[in-house]
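Several structures are given next for inspection.
Next come two complexes, and both contain chain A; in the first it sits with chain B, in the second with chain C.
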Partner chain A sequence: MGSLGLRHALPLLLFLLLGFAAPLLAVIGYSVMPERTFGLWQAPTLENYVNVFTSTSWISFLTSLTFAGLTVVILAFACYPIAFGLARTFGRWAPFLTLLFTIPLFVSENVRMYGWVLFFIKNGLMLGTLKSLFGFEIESWLFTRGMILLGMVYVYLPFMLFPMTLGIAMVPKETRDAAYDLGASRFQVFREVDLPLSMPGIVIGLLLSFVLAVGAIAEAKVLGGQRAIPITHDIEIAFTYSQNWPLGAALSVLLMLVVGVLVVGVLRRFDLDAILGRR
Partner chain B sequence: MIKHGSSRRNFIQGSAAMATAFATVRPALADRSNELNILCWEGYNSAQVLDPFRQSTGATVKAESLTNDPTMINRLRAGETNVWDLINVNNPWARKVMWPEGLIKELDRAAFEPFFDRMLPAFKPPYKWAMDDSGEHLLGMCQRFGPYSFVVNTDKISRATAEDQGWDLWNDPANAGKYGILESDDWNVFNVCCIAGIDPFRVHTDDEVAKFGEVAKAVFGGAKLVGDIATNNQALVSGEIDFHLTGGTYSVSPARADGAVQLRGITPNKGPMEGGKGGISWIEVTSMVNNPDLSPLAPQFLQYVQDPATAHTVAFAEGTFNPVAQMANPDCFSLFTAAELDAIQWDSLEEEMAKSIEYDIVPDYDRLLDIMTSAKREASAG
Partner chain C sequence: MTTRPVLLELRGLGKSFGALAAVDRIDLAIAEGEFFTIVGPSGSGKTTLLRMLAGMEQPTAGDIVLRGLRINDVPANRRPTCMVFQSLALFPHRTVGENIEFALKIKGVAPATRKIRALELMRLLRLPEDYYPKSVTKCSGGERQRVALARALAYDPEILFFDEPLSAIDYKLRKTLEKELKDIHRETGKTFVYITHSLEEAMVMSDRIGVMRAGVMVQVGTPNEIYTAPRDRFVSEFIGDVNIMPVRRVEGGRLRSDAFATDFTAPRMPEGFAAGHLVVRPESLRFVTRDGEAENVLAGRLYNEYALGSRIQYQVRVGAPEGAHVFIVEKLRQQAYAGALDDEVRIGWDGRDSILVGD
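Let's turn to the complex of A and B:
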């Protein structure tokens, strides 16, 4: 039956493989082509990787990883209480609040970013109102690194919140009640029951938001005024103004490798199958 | 099936062979009389420009807009000559790159040169940027153009001061944090050269390249923001910044059309380029791609946009607003309102173009861009 199923699934598998693997292979192929060329069938070279390692590209890698790391840490602490509330305490308000967190996803990220610009810009909605109503003149927060971080936390919040909510909802009420019956304090229940049993949702939220945040570009461009240059920006410049597709491809491959290694490392540390209770 | 000596496998093999054969011959049989593909700067891809052409021809017209010339040229180089029928880029590319590399076709001089006679005086035929080096082949049609150096908020810096100080505005350390930079890196290479006192449009010595790197780091380090046109205009209006590079009629006209006439494109009085000029201008040239199966609608579209009403629509298509060469024709000029003429700085256009060098290819662009990208990265790290 298994082989029959496999045979029936084969066309779809091939289609998916083609759609998923072919672009990746093309990127890897371009990364070993001579710089500033556009064909895929020339003698391979590692010069693009040498160029990356001898340039200041590490600054952009570090910028992306730092911002993604900070975003994930802030989101983890910010989202857990909200997720706990959504899963356990908000009751009939939970669906409405979930909707409020979901609605922004229906609006393009760039549009939301420009909305924040109008809100935060000098003499804009916030600073202009403060100035005209209360006479406060505050320096603009736009085009700073802090604003980039705020934008990333805002954009990626749902990707941490919803897996976390599901994770917390998976914790059986009976287990918590049993812990209380056995004399555990609220903190002990949180540490010994809630946290470990909701870990699948937390880990998935951490991974999802980190992988998305490390590829972020709009926040640094729109809210940050390029006060920080993430690696995705370097990749974009390589593929556009620089017209150095092989360099852009090499940067992309290295970014995939860095993210891949980090994700695999986390998955090894937290065995999702084990924490999901499959073995 | 047995009677015909066939089997299911044979049938599939036969079908596959036929499909392959059909796919092979299909390009030769393709009828492109009813479709047109345009690779262009924004404006030509707008519904205002394309819909009347679609309605009059019944054709399927697809236009893709990009915001830098090198990307468009390299898409043709990468094999997309069999996709596009028209390409709309800035002046030097047709004459210096696309024609020598066989990426574009020539236009029928007899049919198209009369249009140049009806353009502004600077475009009188044979117009340099529309012709090849020999002066025999007409390579494209002209329409939008404009000066493009930098933009100031004249409430903060007067036009006269900005024109006199010119690129030295960026050499004054007191101006750090008061300016923005448009994310238009090819033009930023030109401008960083100008700030460094170097003519961008020639090969540079190692000392000049080193100076370029130092200046790039200082310019990007002192910028309040690097962003797109909307962000820079918004920052000028709100008072976040007082001036920005790169900019000119093209970038500031939407803000001026919206009432922010205190913002103004500035062309410096002096600079490091030939004749001591400090400004840079651009002129778009639209050419027919050397497509082996070129749409017959390509020359028809080039004629369509020369019509006075269409030329006015192109000038004020969505995105940015620009002067057009067809404004020499009274039928076209009369369509522009006083507010529209003010938005495109018609009052100083001739003077600004005279103070500008026409945009050209930087011979060592790749080297300078890599240095500038690195400088930008290092400046952002603090």
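Let's turn to the complex of A and C:
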């Protein structure tokens, strides 16, 4: 029975190995190859990893982590009230509002970014209108760090909002009623019941949006005008213009490690099953 | 009604959702320390009524009066009442101890004092002390019931509301917990208002029972009153298996059954009674072998029998096979019918063992 199952699962296993594990192994393999080589059969070396910390790449690392961190913090505070409303108070308007938050996902991220450019550019939709109607001369906000952050918050909002909404919706009404019935104020019900029991949704939202945000590149390029260089930009340059695959691979491996350690750490810290009462 | 002072009074209490009256102008007084049970089928409005009493639902008519004070506008978290929910609504992210201490924590009681009280309640509810740090999710169904009750008692409410807390429990455990609940009621002296759809459950535990139907409290009385003197056909059928025959009053103080083309001797006849239903409980029916053995006799055929532990229930069909009237006879095992299925049998009862009810 077991061998029959294994035989049936073999095509899928091979597909997963080829599609998922093989590229990862190739990247790991390249990361320990000498600089600017294209083969995988040379003596391994850690010089690429050393180069990351002796060049400016570590600044890009910090830039990406900082922007991703700020993005998730802003998203957490911005999304929780919206998610709470969607799950509890908006009633029949909730599906319509959910649709409004979902529609942007149907459009390519780059197209949306250029939409923002047209909106904020000098003499564009907003500034041009203000100038022609009221004579206001306002400096464009484009190509600033703040604009990069705004773009990232905008792009990753659904990835924080929907897991959060789900998390809040999963808190049983009777459990909240019970806390209120036992003398808790509305705020105490939120603190003692809503927040801890919706934590799985919050944690998933935080992780999802952080992992996506740390790999963001379009916002810095299109809205930031290279005002800040994220690590993904360095990786792209290493693999393309520099033709230095081993350095690009080492940067990728380090990024995966940082994100992986963070995800595992957070999941260990927040025992989601225990929060949900499954363990 | 006992001589104890009235604690909770409902005066014309109602709740409507649009044109639908979920609870229809109920007047009721519940005494201090009473175990009052509201029974009714699904959709009868009992949960809506309880939620109004607990402050989780706003009445659209009438008043809720607690110790003489109108509390309609007092929110649930300020009422001296507490609810044990159908789902129990325990906090899954908290331990047994933390669940029990919740209300005390909200009141700002010091942790050491909270723990002492929690352990006292655990002893009262027969929960082992080493359960204090245990996650509630690891407790069995019965233990979770006890934690929910201890948590509510920790709030020290004047009235404890129960919203069908035993409905999802297996029969054996339910029977045990019914008795335990009654014991705890006695030990704490609190007022319990309990809702259930099981009249059997209500009979075991309650001082008084209120039967609800379509938002109306159709009868309030002691378990004995409800059982022996149901007000109408709905209440009599709700109590359990009964034999019901439409009858009308005829001369000589007798009752005429057109369905069986015969007269029956009447029980105590309600004043002004003209037509209604004659109710005979299965245990009041007996197999008749000699003439004159019962005041009222019907002939039929023994169709089937069902073993109910210490009792046996028989199904007797009276009349032509198509459209026969089904009668249920219940006997103790030691009084079991000696014949066989499909026997021609006669069943009978005395007038005093039957009840007359309206529609």
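Following the convention adopted for this analysis, the second predicted complex is superposed on the first by the 267 of 279 C-alpha atoms of A that agree within 3 Å, B and C clash if a C-alpha of one lies under 4 Å from a C-alpha of the other, contacts with A are read in each partner's own complex, and residues count from 1 in each chain.
Everything below uses one rule, namely that a residue touches a chain if its C-beta (ideal position, glycine included) is under 8 Å from a C-beta of that chain, and two chains touch if they have at least 3 such contacts.
For clarity, every value in this text was computed on a predicted model and none was experimentally measured.
Aligning the two structures on chain A places chain B and chain C next to each other without any clash.
When the two complexes are overlaid on their common chain A, residue A:I235 makes contact with neither chain B nor chain C.
Of the two partner chains, chain B is the only one touched by A:G225; chain C is not.
Of the two partner chains placed by superposition, A:M164 touches none, neither chain B nor chain C. In the superposition on chain A, contact is made by A:A179 with chain C only, not with chain B. Set against each other, chain B and chain C touch different numbers of residues in chain A, with B touching more. Applying the stated contact rule after C-alpha superposition, one finds that A:L255 touches neither chain B nor chain C. Between chain B and chain C, an angle of 150 degrees opens at the CA centre of chain A in the superposed model, to the nearest 10.
By the touch criterion stated above, A:T56 is placed in contact with chain B alone, chain C being left untouched. Once the two complexes are laid over each other on the shared chain, residue contacts for A:A216 go to neither chain B nor chain C. Fitting both structures onto chain A leaves chain B and chain C with a minimum C-alpha separation of 44 Å.
Chain B meets chain A in the complex at residues 68, 70-71, 74, 77-79, 180, 183, 185-186, 223-228, 230-231, 234-235, 238-240, 366, 369-370, 373-374, 376-378, 380-381.
Every residue of chain C that touches chain A in the complex is listed here, in rising order: 54-56, 75-78, 81-83, 85-87, 89-93, 102-103, 106-107, 135-137, 151-152, 155. Only residues 172, 174-175, 177-185, 188, 192-193, 196-197, 274-279 of chain A touch chain C when the two sit together in their complex. Remark: chain A residues 36, 38, 55-57, 59-60, 63, 114, 117-118, 121-124, 140, 142-143, 221-222, 225-229, 234, 237, 240-244 touch chain B in the complex.
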